[in-house]
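Each chain gets a letter, A, B, C and D, in the order it is written, and its residues are counted from 1.
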């Protein structure tokens, strides 16, 4: 009889999980490699004061330096003097990690249910606005200080989750009851979210004291409090409490998938909708429910963007939702993997700024790297081929046994 | 056993037009259209063909006989250039060939009609026939559709086919689809036609029609290789029979000089008996009753038209019918996967027409689905996870929305033990089990629900003989325990042997409900083809005397 | 690989945070860049720049420069950076900042604002006078039967609306009956949108002249003017020079000397007399904004019209005309 | 004989055909009552949508869902402008005006990206949706990255655009003449491309292979046609069409490329996908569908400057909302049976 732990190990070593991790890591390296070549070559077309002269060409960009800035810059240059753990760059990295965990979970939940939610961005946008507006208005009736913090933050997150969830439910309903392809509707709803929020903003909630399209600021006590003593205080716009909440949510979603009836039904629907229907799952309701949950997570991402980063909602929300797709894909839609992938993309975001200030290489490079990683993750066969090249003698297991596939009868 | 078929036999042979294609083959002495010599083909973990020899004479029908998985299809795929064999030679018309692709085989005059038709459903008959070989006009700038239509008409005239070239393939019957496949091969100028289990989807009457076609084809000098695992078909239609077992050839025989028993033994390797005991059992209350159930498909076509049925406790009601006559939809309406457009369904006296699928499961309705890959199992899940499919919210395995995985695991292990699922590894993915073992697991899961009704659709399809017997035994055991059983199958032997009462479904209606003991297989066959008792079977006068 | 890729050190380093829309808009951001390039030609100076894509990125972009501590001055181009800067400035008290188009009252920030409504009034006056004339020059001509002029804005905001307000007042001052049609593209970066908006005005509403305050979107306005054979008025820079391709339709530009603002701020840092906490307003009087006639077409505009425009300029400076800054 | 694309018997194919015919009638009526300027604007704005949609049709019909079409528009638009800039604005090289070189280079770059996508999907069995997203993201980064290097900004400089080409007699025809025969080259490309796409798909053997490859690749394989080659050809063709769309739009309409945000292409590739789904993969239907979106877009601009006090941000979402509404009420499209699936010859 195997122990629970043995089984856990078994599962981890099982081809699917283990291979996913290997492939994700390999994809990262491959993307970094291709990106490095790209940087070096494009340096040949740029002009600079000091470059590397090779065969009559001057190469201005040093890929090593770019990656140094990208990976170590994101941590605040730990190898240079005067480094402190709670530095601003690391705070930015972790801030993005936190937001990307929410966004990545949002995409992963839908993905696991067999739905490609490209609309996390839109859900985040509307959710964030709901949070900001709710908190600004509620602050008028709720006492300030500690009470305000305790009441307003959960209220704000709830508002974001609720409105994001409702917004996510729209493509869910359209998919379930009108058979409208969710990839298209969610892409469209992203555009609609931008239009609708700006309209609502200028109609009612625009900060009268500002020229920027944005809401009034939420009171300071309604921003996610930082943990005293440990650090990341001041205006670093990052709170360990938020990260802890994100991690807790991540574990919660993993638990939901693995241990609950709902999670089981969701995964079944995602893998084999026919089997799910056979097993008594109402596929329409599941579609709506999973899109709603996905949207709620997107809305929470928006809520934290408001409550932790800006203290208000601003028009032109950055593309956290789209990055969430990359995060989820890299994580193989595994909630626990989302944490690691979110950190990587957090590094990218913060490192991109280091690249911007520390090198002459355009930071648009990061967008390319993200795309490359997704591309490589999408082609596991590529790495399997390489793997086979190094282990040619491997005897493949019989992978599949589909004795009769229905056609052959003995009538 | 390596002696090739001892000469041609029943006179339909290479008389009239054989000479037209014989020239190239003269060198080998006898006139072989196809000679496969020592073919070995391996798949990961299986040797599908192991040094198989096959000699097919021109202008004959040559049957390839063997059980599921014997390697028949694989051998023909090698001949058709789909697979490259590890060992052996392919000789066509006396010339050794190495086919890299089906195109090479087509060029060498070989045509294949696959077990699963290779037709593009939304395209028309003519488009399918010409696919890949479209004659063009205006320097290749356009498909010459007039020419295609003309050539198809010519072929139809020559071989006596009736097909509408403009019809969309998904709209025509299976029999017509098969004609389309044959026309497709002929259109490419095939001289050798491979038919992989061509009768599996046909009614007995359609089968007769096919025999006529084969006769016409050989009369015009074509050579036919005919795959089947049905003895009577091989003996009836073929001029020579090669038997495959476990990937090896166990010899070629002349159907006139052998007995069915001998063939069966060669094929299976032991004596075969398919007689389930089915002594009558006391029946009880009506468990399931359907009243005027009508189901429309997505296009609004009635596929089930006002069906009434009753199943009592301790009784097996068999439903026989050619696939696609509404049995799938009827079962879905009963099991809650589809809502009937009209009529009611009652279960243990309660109207359950509006009940959800889950509620039906929870109330003791077990269901062995037709399609185990799509419905019955979640392929990427392991058996433990599959063990709870359908019970994921039942109080037995879940409390407060949490699944008790320890309980599920022990339940799964119990199923594995009781139903002899091999290998007995609860942590292996469902996809890694062979078809028979997958089916045993589903059967186990459904039977262990403590059901009062079992709906079993094609429960032994694609399953080997041992497992088939086991599943039949379990069904009869449940029946003895007083469970009501609705058995849907297109396998006549099976429904006849197991059912207490038998209904035949044709175009969404029950043609007849009889005592299976009172009817012959031929009579059922007629019913399945839509012939009401007493009516004359149009177009196939000799339908009764096949044996 | 050696340590290539590093730029050599200079005395003074400047960080430029541009407005959304980015460089190569041939107007606002390019003007700011002109200022820092001029300064580099003059002093031993190097600069780094970022082009944020959304208002939410300003905060991080400013702080990236401030955090590194390497920069002697950080130039924040555009009003939209005000909020972010009022948060960041107290956070980095030793860091010098300057901001264009907004006022941030901090000791280490020097603010520059311009009299956009006044400058827009000037070009509005010009447009209002010309639309009634029968005037043909370069690639364009007016339709004297219709008195319609247009305004194309980028993103809706108070600042851009103040351009519109001044422009409309100028048109009305010239010609009570003239109609002003206006449209916002919603983006400073959408040439296609600018083109469609302006084409609509030229074709459907018979506008003769369209003034844009839309950054790069305005390029589309010029394209439309050329395609329809009408006129346009540029903004920020003398766009007939920065966009010689379109000089045959650009009557004039409402020049806003962002370059001067950037240059003087840098100069004060170089000379160690940076005056933080002060606001400098650059209006018509200070020549911070001006109506500059097009390089190619300017010579063809009738002198009496030029005189009238010059008169209204003086009247504004003298306070005789009250230019509204809101719609 | 029936048209394989329309699949007339296909219950799902019927309605879009009817609505296409309806749209044509309504369109003619429209020509009477709507302003010519709006019609011309619609044609110009339809170019990238229509051509990308037709490209998408070929890829998806063959079984490869190319959601990266937006990326192809981006790279072709950027590279065509960059090429003209490099060769010299207004000049000619080897006798061909540089603008046309730009168009050509834009198409070549788009095809290269399509090739990358095809290899990844066909050779390495990548998930098509994810690979398509990757192509989009890479393009979204690469165009402004390259622009930064070449032009020092995410925005390129301006180049002179294609002028109108007037067909002598035909442009005199009332109603359609000035619209269709006095218009810039990219509009001709769009019109000719749509018809060519329709012809290729429905009248040639290649077209039939494309359809078979997407519906039942095994049937095509056993009929002796190499499915891989068909799919490669179809995906590369989607690169050609999208490249024409992107480069034509950039050189004929934009005259410049803005790489900020979602770039000057701004989601038109996604609208293109919605368009061909709406048209149920019919190239002419896709052309008409692109008129719908482009028309709404330019109508939006016109309404605004006509002074209607509708919130502009909201008006701008009209095309997107329309996509959703149409998808719900009309466009229950049936994807080709094998779309999205990898096909390996000889696999069971």
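The rule is simple: a residue touches a chain if its C-beta (ideal position, glycine included) is under 8 Å from a C-beta of that chain, and two chains touch if they have at least 3 such contacts.
Everything quoted here is computed from the prediction, not taken from an experiment.
Trainee: Name the chain pair with more contacting C-beta pairs, choosing from A-D and B-D.
Mentor: A-D
Trainee: Taking each chain's centre as the mean position of its Cα atoms, how many Å separate chain B from chain C?
Mentor: Centre separation, chain B to chain C: 76 Å.
Trainee: Between chain A and chain D, tell me the centre distance in angstrom, where each centre is the average of that chain's C-alpha atoms.
Mentor: 30
Trainee: List the centre-to-centre spacing of chain B and chain D in whole Å, with centres computed as mean CA coordinates.
Mentor: 44
Trainee: Report the inter-chain centroid distance for chain A and chain C in whole angstrom, where each centroid is the mean of the CA atoms.
Mentor: A distance of 38 Å separates the two centres.
Trainee: For chain A, jot down the residues that touch at least 2 other chains.
Mentor: 202, 402
Trainee: At least two other chains touched by the same residue of chain D: list those residues.
Mentor: 154, 313, 316
Trainee: Using the touch definition from the top, which residues of chain B touch two or more other chains?
Mentor: none
Trainee: Each pair of chains that touch: what are they?
Mentor: Pairs flagged as touching, ordered by label: A-B, A-C, A-D, B-D, C-D.
Trainee: Sort out for me which residues of chain A touch chain B in the complex.
Mentor: 7, 10-11, 16, 259-262, 264-265, 268, 271-272, 274-282, 395-411
Trainee: Along chain A, where are the residues that touch chain D in the complex?
Mentor: 42, 45-46, 116, 174, 178-181, 183-185, 187-189, 191-192, 194-196, 198-199, 202-203, 322, 325-326, 329, 362, 364-372, 374-375, 377-382, 385, 402
Trainee: Would you mind writing out the residues of chain D in touch with chain A in their complex?
Mentor: Interface residues on the chain D side: 67, 120, 123-127, 129-131, 133-142, 144-146, 148-150, 154, 259, 267, 270, 273-274, 277, 311, 313-314, 316-317, 320-321, 323-324, 327-329, 331-333, 348.
Trainee: Considering only the defined contacts, which chain D positions touch chain B in the complex?
Mentor: Within the complex, chain D touches chain B at residues 1-2, 4, 7-11, 13, 203-205, 208-209, 211-212, 215-216, 218-226, 337, 345-346.
Trainee: What does chain C use to touch chain D in their complex?
Mentor: 20-26, 51, 53-54, 150, 156, 181-184, 186-187, 189-193, 195-197, 199-201, 203-205, 216, 219, 223, 243, 245
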